[in-house]
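The structure under discussion is supplied below as structure tokens; questions concerning it will follow.
Each chain gets a letter, A, B, C and D, in the order it is written, and its residues are counted from 1.
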Amino acid sequence: MKKLINDPADVVAESLRGFAAAHADLVRVNADPAYVVRADAPVKGKVGILSGGGSGHEPMHGGFVGRGMLDVACPGEVFTSPTPDQMLEATKAVDGGAGVLHIVKNYTGDILNFEMAADLAREEGIEIEAVITNDDVAVQDSLYTAGRRGVGVTVLAEKIVGAAAEEGQDLAAVAELCRRVNAEGRTMGMALTSCTVPAAGKPTFELGEQEMEIGIGIHGEPGRERLPLASAKEIVERLAGPVIDDLPFASGDRVLAFVNGMGGTPQIELYLVYNELAQLLEARGITIARNLVGSYITSLEMAGCSITLLRLDDELIRLWDAPVLTAGLRWGA
Amino acid sequence: MSDGAAITVDEVVAWLRDFAAVMAREKDALTALDSAIGDGDHGINMDRGMRAVMEKVDAATPADVPALMKTVGMALISKVGGAAGPLYGTLFLQFGSAAGPDGLTPDGWAACLAAGVAGVRARGKAELEDKTMVDALQPAADAVSAALGEGASFADALARGADAAEEGARATIPLVARKGRASYLGERSAGHQDPGATSSAHLVRSAARMWAV
Amino acid sequence: MKKLINDPADVVAESLRGFAAAHADLVRVNADPAYVVRADAPVKGKVGILSGGGSGHEPMHGGFVGRGMLDVACPGEVFTSPTPDQMLEATKAVDGGAGVLHIVKNYTGDILNFEMAADLAREEGIEIEAVITNDDVAVQDSLYTAGRRGVGVTVLAEKIVGAAAEEGQDLAAVAELCRRVNAEGRTMGMALTSCTVPAAGKPTFELGEQEMEIGIGIHGEPGRERLPLASAKEIVERLAGPVIDDLPFASGDRVLAFVNGMGGTPQIELYLVYNELAQLLEARGITIARNLVGSYITSLEMAGCSITLLRLDDELIRLWDAPVLTAGLRWGA
Amino acid sequence: MSDGAAITVDEVVAWLRDFAAVMAREKDALTALDSAIGDGDHGINMDRGMRAVMEKVDAATPADVPALMKTVGMALISKVGGAAGPLYGTLFLQFGSAAGPDGLTPDGWAACLAAGVAGVRARGKAELEDKTMVDALQPAADAVSAALGEGASFADALARGADAAEEGARATIPLVARKGRASYLGERSAGHQDPGATSSAHLVRSAARMWAV
């Protein structure tokens, strides 16, 4: 295992210390239980936005804490959802009296822990809404699965919902907006390599020199199918095709196109993928009104990418464009 | 412990200690199982959780089984995370609630386990054959109750429970997962033993070992 | 070779097309000769800032084109310096009448090509200053080498000098500032893995599971020495020690601390490295006044990091904090 | 071509074409050499450059050697990049400038090569034994001139030049680089043949092959 770490057991805690030191102007970091909270929390009268999940997806979620996005993030151990007591403390830290929205990615562990946390927070008199993101079209949403995973749309939802909360929308409105963003977005991802969980010390799966995994999640889970390595053009077709067909996105739609790197893929490749995606969407009459290209929701050092499309309207564009001031996303501020 | 006599807190602690040692020993094996159909952390999670449990319990051992199991359940919930944290946490919390303050008989132990398993099922909404820990726990709870009902000793009942749990865990191999992370794999989840069912079988085997005589 | 690409020969061109499509609000991209120029160039009366070098270091340099940083970037083929004709066209595209600064990393190829370009541009009546960055302490600056390589400080120089040009400083002042930033900064880097040049198809060097290269450059060159893999703490000591001793940085100094990822190292590790660096500097009485943590000057998908320290004064801090609006660095705008 | 007769543009083009073919064939080998002590692109760069040269030359072959060599040099400068682009570009530009408009004799050819090599040295500031292309080019230029001076045929002189270039390239193996990227490696650059010296040796060997009879 080749990583810039000390003891594998300390990776999350030490990385959080570095994050705290680097971004003291934006956030405070609580060590135990672990959460990253915006420096000026709680903001009185503002709906608090909380998200959380396993670590290893950086900059998500800690990198999205700050003005115009998340109020607080709960990092779990690597690829392991955080715990209810942690979420409870984090919720209390950002409760400005207007309630707190929990943005939960659809994984059994996250769901179970967030359910318990919401119960605990409500017992303490804090109004909670929980919205589950489940945008991964690689998974069938059926009785035979735990439902679709929450992946790339989570990042977009956090930005848009964060802007709405910042401008004073109430908890019900913000939760409804979050559900709408989730409903209008779809994602699919792929991997060229596995990643290695530090505590495990070896790759979660093995891929041959000429193989790729299509339909992966963000936890080093194997995907839906293993295929021979293909060109970027073919890969984009394999990812964007199912994404488009699922909603479906139609000619005339305006979208936010999000090409996400899984952590080990350099920008030169991500922009090359974006080039293919832009051509494919243009051929289908779909207009890219906004875009995001970079590694925002990652799987440690995995090489690969995901493609997310989000159908936009004027309201979503306005909220996307609103100022955001976080370590991971920043504009207009 | 002779049959019918009260199960002591110390015995329950010894059971947990045995389970913690097994989790430390089996950490890599469980994680390997989870790598095949999940995200490769189940052994790491369980080991971290049981270490935290034993630290808490050793620092100040609660006076009775309900209090002990509450400590265990809360420690797991706050230290494990993932799916296993709330599920194992619930298992022990419900076990403890069912125990009541008045000491525990073998029949009571069996009822506690059944309550714990019911709690897991309520929380995770898993059915039998969904390829989860329920596939080890439910047969184990059923087997212990049945054995005691047939007049078996507590030791024998637990041994039968452990056998049933291990068989249940092995029987997850051909199943296609319908709950948890493994379900994302669809058909590709078949052919691998479920990590949670495996750790659950270890839990019951630890009990059988503890109360073997 | 596992990359998200089509034909290896087209990587740079296709990636640039994606970049152009993604950032049409900030830049225009000329295909042949290749350059990335800010959308509103040339800015009349403003010194033009040009940088360039091989591709594969993204976001450097194209990602630093925009208000408050570079006016234009010339991308070469992967790890191959751009050519004089390309630099000439790029220079002409940003000449607003106040002359153009060429920021050149010290590599024989870059130097030779930039020299020719400067000659050509001067022949066309454009005033040119060229400043060479050479901050890599891994290389001895002696008669027996081509001199120190230009690495991490280049990014910082581009930001600071860009701010000075934006506020209207003249060519001589901007060039002098660039030399000062270079003189006050030092860098050293290391690799956990090699990278693969797309056209070569195989890793530039091989590293064992338990080995690392210390003192690498940014072109997949092997480093000064190969050592057994060590902890993040030891690695930081091995990088920061020579950096500090070289200038030398002393107790009481204020610095910008820059932890840079080589492309394949995830943020969780970079912040862990930053945590070690912050502790080490604190122990030496050196104050981190500003920081930058992320993958800004990369070697394709190489795993590893570099550490750059830049001694700051109030003037440099003011220019660092000035607004910047580029694809790769953005604040205050 | 008989000795003393003018060297034609077509012959020079044939030399370049041979060199371009060798660069295409040796691309991976040169890149492997550059991977060991540089950044692994020399073969790729030279192949890209010589393809561009031949495209330009085949589209409209310049009328005389100076014009031809200017086209070649400019194409290399604008297509190769890196260190090799300006250096090889300068080699051909200076070769062409020295040729003059009035046709080329073997002696003239030797003088042109010497001028080209001088240009490379002026631009790159490399001395002999700095482990660069100069270590192949300078001995080659010297050997060709010396051989012609001793009355050898053009074919023999070029063969001796090519031998000298190859020997010079091989002699770079033990050297510690003092110029270019390889110098960053310090002592570790010893034990590897310099890629630029190797491509230069190919260039002279192509000439020897072209004018062999």
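The rule we apply is simple: a residue touches a chain if its C-beta (ideal position, glycine included) is under 8 Å from a C-beta of that chain, and two chains touch if they have at least 3 such contacts.
Remember, it's a predicted structure, so these values are computed and weren't measured experimentally.
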Taking contact as defined at the start, I'd like the list of chains shared as neighbours by subunit A and subunit B.
none
Separation of the C-alpha centres, subunit A versus subunit C, in whole Å, is 29
Counting only Cα atoms for the centres, state how far subunit C is from subunit D in Å.
32
Give, as an integer number of Å, the spacing between the C-alpha centres of subunit D and subunit B.
75
Separation of the C-alpha centres, subunit A versus subunit D, in whole Å, is 55
Can you list the subunit B residues in contact with two or more other chains?
none
Quick check on subunit A: which residues sit in contact with 2+ other chains?
78
Is the way these chains touch best called a line, a ring, a star, complete, or other?
line
Give every touching pair of chains, nothing left out.
A-B, A-C, C-D
Which residues of subunit C touch subunit A in their complex?
2-6, 11-12, 14-19, 21-22, 55-56, 58-59, 63, 78, 192-193, 209, 212, 229, 231-233, 235, 263-276, 278, 288, 291, 293, 295, 298, 300-301, 303-305, 330-333
Residues of subunit B that touch subunit A when the two form their complex:
31, 35, 37-41, 44-45, 48, 77-87, 123-124, 176, 178-181, 183-186, 188
Subunit C to subunit D touching residues, read off their complex
33, 54, 76-86, 107-109, 112-113, 115-116, 138-140, 143-146, 149, 197, 199-200, 204-205, 217, 219-222, 224
